[in-house]
Each structure stands twice: as structure tokens, then as C-alpha cells.
Amino acid sequence: MGRNAAIVAVGQTDHVSRRLDVSIPEMVREAVDRCLGSKDLNPGQIDAVVVGNMELFEGINFPELWMASAIGAAGKPLFKLNNGGTVGASVAVAAAHLVASGLYDVVLGIGYEKQSEGETQSAITTVGDPAWERSVMAGAIGNFGVMASTYVAESGVTAEQAAKVAVKARRYACLNPHAHVQRPDITVEEVLASRMLAAPLRLLDMCPSSDGACAVVTAAPDRAREMTPRPAWVAATETAHDTQFMGDSPKRLARMRSLVAASDSVYSKAGIVDPRAELDVAEVYEPATYAELAMYESLRFCDWGEGGSLIDEGVTLMEGELPVNPSGGVLSTNPVGATALIRVAEAALQVMGEAGEHQIPGVETALATGYGGNAWTEAVILKGSAP
Amino acid sequence: MDRGCHPEGVGAVSPTPPIDSSLRLEYVADFEYSYAAGEFASRFMNALRTQARIQGTRCEACSKVLVPPRPVCGLCLERTAEWVDVGPGGVITGYTVVEVPFIDPMTGIKRPIPYGFAFVRLDGADTNIYHFLEESRHDKISIGMRITAVFKPAPERDGTLADIIHFRAEEPAADD
Amino acid sequence: MGRVAIVGVGQSVHARDRNDVAYAELLLEAIDEALADAGIGLADVDNAVTASLDFYDGRTIANMAVADVVGSYLKPESRICSDGIGALLYGWARIADGAHQVGLVTAHCKESEGNLATIEGAAFDPFVQRRLGADADVVAGLGARQIYASGAFSPTDAAALVVAARAASAVNSKVTTLEPMTIAEVLDAPRLATPLGVFDRAPNRDGSCAMILATEEVARDLSDSPVWIAGVGTATGKYWADRHPADLSALDRARDSAVAMTGWGTDVPDLFEVSAQYAHQLCQFATRLGAQLTEAGRTLNPSGGWHAGNPVTVSGLSRVTECVHQLRGHAGPRQLHDAQRALAHGVAGLGAQSHFVAALEVGD
Amino acid sequence: MTEPTILHQKINLPYRYTAGDFHKAFLYGLANRRIVGSRCPACLTVAVPARPFCPECSAHSGETMDMKPKGTLETWSTATIQGVTRTYGLIRIRGADTVMLHIVDAEPSTLQVGMELVPRWSPEPVPEITAIAAFIPT
């Protein structure tokens, strides 16, 4: 019934701790200009705009309306989504549905956060229900610390294995000019010696707090083929939530049930039976080192409890069987509202063959995931040929 | 409007502004809310405040006891029916010690660190709640450890989850 | 694209200070009614699109509060931060493209829980406006003076719509019945933000709305007379201070794109349900959509519209709900004779920056 | 049924908004008792306050320009917000294609569309919109 949709262009800011040279709209526009400029597109070709951001992180109500002219959306359909860390992937999924439905031919998706302008850890605490979790929340970091502890107990994963994820991320970030935390000489010992934030999570186990924006153009088949020689076709998308209260999911990270459900669904829709063999690259939303290892398991890259072995064996390195996060991942770059869109954008760059120094050769099938809210998942499969 | 001519009233073109120094405008959000806790939280809070009782609701379909209590079981999509007492004892199902300070948005001030923070499964419940631990030494906490709720004295309880100050180990930790 | 129908609608009671219920419980009232109306259970729904606003809900990622009641465990839920017709549009797309079969679309808000002046204040430009301490009423007042000065509408025209809305509230069981009022009483009321008086703004309300969308196949299975979503459209104008309030190009575009999908040509719909938080805007928007102001309470906002009492975010879906009742012939004392086609409208942002239109019809 | 519990809580958070070059030019201009606009190189729209993107065509703004510190009143509204009664106006600075929001300090009954207003500068030379205390009739 619906038609196909494809990603044709991607643009990002250079993500950093603090962009003191630009305002929020200027930062977002930078990503939009880079995105359109990458394929010589002009704003007149955009039919609709979808924006992802968490309003309370910057304290601006209806930010998309405030910046409508800055992002070239004035006079056009403009949608604003907000559902936590997943939101960037939700933007990509919304763009795909809006195109596939036939409503719009070309949709500009935008995700951004300027974390330096607010207090994200505090604002994220207001995610808790005022009657329940809010008075006893400990920001994203406390939450992740608890989640990591359950995963360690479940799988026996070690701090060294987690540290290898940190090393992989920050080294690959050096190949990505947009990545925030770039540390070519980082070692496992350095990660293990970094300051404890919320055990077992140390400073270098955690994602940074970034200012940045990402923009992605999604287009209908005929338009996509006009705009770029090798579009990244949206082969499958899925969204799966967990329940309302954080304590409902027994292990949260370990055997993360929304990730299992969403990834199983996209594999099935895309005809993938063995994801480790059939995916050429994955860009997963790993908020902490332990999360990436746990996600290997939920994504069925390995058996339960084998996430640590996967990094030990180098399976997810760039030269490995299934490279994970050659961009440097969330551990290197985290402007929250943009983070999951960056996963999709990086997967699209890999499929389009435009990832530069962190390009994996010959990518035909790529997976991107978003994580956020109460352990929610968004999953997208992109392919080099139209489904 | 004719935009082709130099607009009236425009004086000298000012030099490009300095870009070496940044200008940041401060803004303090001070939002006040009067959240209705709703039927389920109101009943829970009332029992907590007046009797130091912790309660959940049982889903008729899956028989799970859900804490916090709620109208719908998110897994079965069925209404919950029965109210059940849970705790005050329970076990730790996940934990950390938070060593990074951040502003508590409810007060606008930073919480003192370090503090123990855990997933607690109360006796009789099938779900976990987040709460603070009395213990803040990481090596004195473990998954499966038994703990019990420490309530504020009755006059100080105001009907929020913070009426439980924190959870304390049932067996005191041996001193080092 | 596949044809999409609305097969169930529901609303909570919309009232001031619904402090008997938390958000999720408030929304549950509407969802229960919509599911019963459709004759299905929550387990039959395969995706949800919700509309809510973090600043009004007083929490970040506020849709987390309604995850259980919208049934999103291991299912898709997506959330639009704007008027509910925006969620309807996205919910439509998720079914029209063949990805889903049965969708839940919701909106909820409790205007009574937060401080509206600070919430609205956070929508002002932080560099050159916010410190001045204005609120949405000021933006509306500034615009109303310009609209009235243009001679297009008068305060009396606007007051007449307020009077009609208050009268209609008496025959709409989902809103609080408002005291009847005369045009003179509206005009003479204390000022809100000059030239607007306190009754020019829709009353402060808490409420929710929910509806069930379905593919043509499912809809025909569930109902003998599904209400079809014949068209959807939206557009956002320039930021309020850069747009003259008479510039309704975003509304035009939203309406034109929705109507272009319908095949109605230039025929005038039988019914208009129009959202505007301020009465002078209702004069503008209703007229621009093609409605007759003199029909207020009949073919224009028989539900009473936003001024009969809905919260922000929810108004659009309340308008759609009334259209569904009317097109089915189930509108009770408000029922129009033989309504076949309807336009429902929603709006969001300071100075009504974003507009949303849904075109609805019955028949094969 | 239990008496409904109402939770009176605050969300109290600090924010800091980085001004880019154009907002900086405008705000530092105010601190120096100047009103700065920006011009669109594409459609020549003059925007006051100065801003990075054209409100008409979304192009990147070009040069900034000093405006004469006077303007005309396009509309006004008097409201009491959080206990404070003020009159707000939209003021078109001479030569600008846009209007700006500010406080108008005058008896509302004396206000007229098109009347000339000038800034009353605050004694504090701060890079804030409040460097203008209010606009007043000439």
C-alpha cells in the first residue's frame, strides 16, 4: 500500500561540550545547511520538517516554533516530537511514515540538544512521576548505574570488557570529524582508573554531555534517486516501549525486552534471520559501556551472557564480523535530542558510502537503534537497494 | 514594500560584533505545579502517611502485585483490582552509589553525595521501586541483600514517596 | 495510500481542576470510551500516537506517564508536542502507509496544574522577549487590536461567538455547563489583555480525548458507517512577532492540503469545528475555513468549540470528536440534519502559529 | 474514596542561553544605547532586533546596522500578569520591516496606532532587552 522512503542526505554539527559561538537556532541551522549542502539541495525542495528535542533540557516551550524561520520551516508542515533519547530515531521513523503514506515527498528531520544551556541531569529527573519516582530519582547516571549492576550480576561481564567498549568508541571517534570525545591514545587502564560516577560506571564508561544537531533528508523513491546516486532505503522500522514505571522491567538492561521486541520485528520485516551475519554495520544507542554489551545480547548478535566475549573477540570492531558504532557512538557524542538521529544518519552514511574515514567497506544493510524514556527502543534497518 | 532602496532611518553600518567573547543570558525556570496524584497514588500516599503502610495493586489477569499501584497492568492491559500490603522489607535487585552531584529540580539545590541508590523489590511485590539506601559504601551493598524501609516520624510525613527516608540493611554491616 | 477511518471516539469530562485524577487516569476515561465505541480492546490496538506538552504536564518526556493506559508495552507509541490533530495526522500516516491496522490517537492536558503565565512565558524568545514578562494573553491582545482595527471583525462579533459557545455547553455532556451570558456581558467583563476581556479566552480546563483509527478493511468489519479521514493538512507560520495576525497563510495551507486530498472540489462542508483559544481568532479562523459566523452553535462549532471548555492540545481532537458524532448522526440534541462532510481544525503556539486540519466524511 | 492528594511541587532549573553574533550585536548595542538591526542579503528585509536569519526568507543575515532610536507603535495591550500591570506594545523601529515587543510606559488611553516612541534607557548598561526600560511617547 505504502511506498518506499529513502534517506538521501545527512548533516551534523561538530559536537562539543559547549558551543559558545552560536545560539540554539544557529547551531541547528548549521546541521541543516550541512545536510542540504551535502547533496546540493535547497530549502524549497523540503515539503515538511520534523524536529526532535526535549523542551525542558533547554527550557524553551515550543522551540520548533521559535526557530521556524531559522530552520526554513516557516510556511511548511512542522512537527515536534519528544520522547527521550529515542527521539532522534523517532524523527527518522516519522519522516519515513510521512513519506511512505504519500503525504509528503521530501521530509527534513532534525534532532538537537544544547545541553550546556541547561541542567540535563536535573531536568531528566523530572521524567519521574511527581507522586512516585521524582522524589527518589538520581538522574540518568543513577539509573544507568543500577541498570549496569543488574547486567553485571546477570552476565558476569567485567569492568575490563566494558572498558574495551570505551576504548573502541573514543578511538573510532578520532575517525569521525563530528565526534565529541576523541581520544586516540585511550587505554583500558585509563578507563578503569577514571573517576567513579555511579558504580560500576566510571567517567569513561559514560556518554558525554554534548551540544549538537543532526539533520537528515528522507525522500520518496523518484525524488531520492534524483537527489543522490545511492540512497539509503528504509527497509524496516519498529518502535517498542516498556511500561510506565521504571521498576517494572525486572532487569532493564540485561535482556532489554523493548530492544528484543523491536529488533526482532525489524529483522523479520527486512528478511534478516541471522543479524550477526547479515548486518554489515550497526549504530546502536549505547548510553554507557555496559549497555553496549548488554545490547549485543538483546540484538541477538550473540547468546545471552556473551556480550563481553563479543568485544573480547573483536567481533564488533571495524575490521570485525559486525562493526558496531564506527562513528564513535553515543559514548563519544551525546546531544540527546540528536543522538538517536545521529545513529540513523551514521547508518545512512555507511549505506551511501559516505562515512569517510570510518566507512566500513561494502555496506549493504545497516541497523540503527534509539534508546530512551523508560527503556524504550526505536529500530531502523537501512539498505542499499530498494526493498 | 520597496526593499531595493536603503531603508530610511538607518545610520552607519556597525562593525562586525566581537566574536571572541560569548554572551550568555541567564534564566531561572521556577515552575510551580499542583499535580493531582490521582485515585491510586492518593490512596497509597494516605496509607503511607497515616499508617506507614506500603501498598500495591494486583492485576486480575496475571496476578502480579504492582508497586506503585496503578489502574491498568501495562503488560496485560487489564484493570487491577485488589489492594495488597507490601514491604516494608524487601531485597535489592540492582544498586549503585551516586558520586556525581546534580541539582535536584524539586528544590533547586544539589543533593549531597555520595548516596546509595537501588532497585528495591518489596516483599509481596512483583515490581521494583527506585529508592535511596542508608548505606553509601559500595562494597557493603549487594544484589539480593535484605533491606527494610525507614519511615519519617508520623508528624513529618507529608504523603510522598519521600516519607520513606531510605532503605536500611536488615543485618547491619560489619565495621571494617 | 490506504483509506483510514475513525471507528471510535471518547472524551473525559472536561472541567476545571480535575484533581480527582492523575494524567493517566484522566486519559483512561477517554480511552475506555473510545475503545467501547469501537467495540475493541486495548490489545487490538497496534500503535498509538499521543499529543501532550512537557511544560503543561510538568515533566520531561511526559508521554511516559501514559505508557500503560495507551497500551504501549512492546508496541509503538509516538508523541506529537502540539495540537491533537497533529497526532491524528501522524496516526493517519502510520495506517495509510500500510504499516499498521488499528491506531489509538490521544491528547491530554491539565491547564489547572501549572502556572500558565510562566509556562507560556517560556515560549517567548529568550534573547529579546522573555525578560519582559509577557504571556499568551498579551500576544492575543496585541493581535486582537490589529484585527479589530482592520475592520474585519468587531469585538461584538467575537462576543457573539462566546455567547454561542456558552449556550452550546449546556447540550454538550463532556464539558462543564457555563452560565449563559449576553453579548453585553462579554463586552463589559473585566479585561484580560486589552482589548480582550476575560471571556474572550477559552476557560481553563483539564481534559482528554481519544480515538481509534483503522484501515478500511478493519473499519468495515467494525462498523456499518465508518467516518473516513478524507484529508489531513498542517502548516506552521512565522514566529508570532514576525507575523501580522491577519496573515493566515499557514491556516490556508493546512486547509488546502487537507481539502486537496478529498475530492470535494469547491463544495462547502456541512460542518466546521474550529479551534481558537481567543474569540477574535475564532472569527478569523472560522471565516477563513469557509464557515459562517452567524451559524455559531449550529454548523460552526455545534459542540461549543474551545470556548465551551477544552484544554490546550486537546481542542483539536475534541473538534474531530464532534464531527464524528455529527457525521454518524449521534450528536443528540446538537444533531445537524444530514451532515456528510466536516472540517475539524486545531491550532498551537503563541499567536496561533501552527494550524492543523482534518477533513472527515461518511459514505462509501 | 480517599481525599485526592495534591502534590505542590516546583521545577526549579537554571538555564543560560548563548547569544550568537547577531543577538550579541543587538544586546551589546542596547548596553551602549544603540538599536541594532540586521539586513537580509537576499530579500533585503531589515529586522530589528538584529537576528541571524531572515524572518521572511530564512536566509543568513548579512550586515548589522545601527537604527535611529525611535519607532512607531503598531499595537498595544495592557494586562496584569503575576500581579504586575503593564502595557506591552509592538514597535516598528524606523526603517525596520519587523516589529519588536517591549513595554510602553504611557497612559493607555493616550496611545494611538502610529504614534512615535523612543526608548527610555535603563540606568544599568546591561546587554539585555531590559537595557531599554520602556518605550515612551516623544
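Lettered A, B, C and D in written order, each chain numbered from 1.
Convention: a contact is a pair of C-beta atoms (placed from the backbone, for glycine too) under 8 Å apart; a residue touches a chain by one contact, two chains touch by 3 or more.
All values reported here derive from a predicted model rather than from experimental measurement.
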Which of the two pairs, A-D or C-D, is linked by more C-beta contacts? C-D
Centroid spacing, where centroids are CA-atom means, of chain A and chain D in whole angstrom: 38
Provide the C-alpha centroid distance between chain A and chain C, rounded to the nearest whole angstrom. 33
Find the geometric centre of each of chain A and chain B from their Cα atoms only, then give the gap between the two centres in Å, rounded to an integer. 25
Junction residues of chain D, two or more chains touched: 4-7, 9, 11, 13-19, 21, 23, 27, 55-56, 128
Where chain C touches two or more other chains, by residue: 19-20, 22, 24, 55, 58, 67-69, 73, 119, 122, 126-127, 238-239, 242
Numbers and ranges of chain B residues touching at least 2 other chains: 19, 22, 24-25, 27, 29-39, 41, 45, 70, 74-75, 103, 105-106, 160
Thinking of each chain as a vertex joined to the chains it touches, would you call that graph a line, ring, star, complete, or other? complete
Of all residues in chain B, which touch chain A in the complex? 19, 22, 24, 27, 29, 33, 35, 37-38, 41, 44-45, 66-68, 70, 74-75, 93-100, 102-106, 115, 117-119, 127-132, 138, 143, 160-162
Chain B residues touching chain D in their complex are 1, 3-4, 7-14, 16-19, 22-39, 41-43, 45-46, 103, 105-108, 159-160
Interface with chain B, chain C side, in the complex: residues 18-25, 28, 41-43, 55, 58, 67-69, 71, 73, 110, 112-115, 118-119, 122, 126-127, 130
Residues of chain C defined as touching chain D within the complex: 19-20, 58, 117, 124, 126-129, 131-135, 137-138, 140-146, 149, 191-196, 238-239, 241-242
What residues on chain B touch chain C, complex-wise? 25, 27, 29-41, 70-75, 77
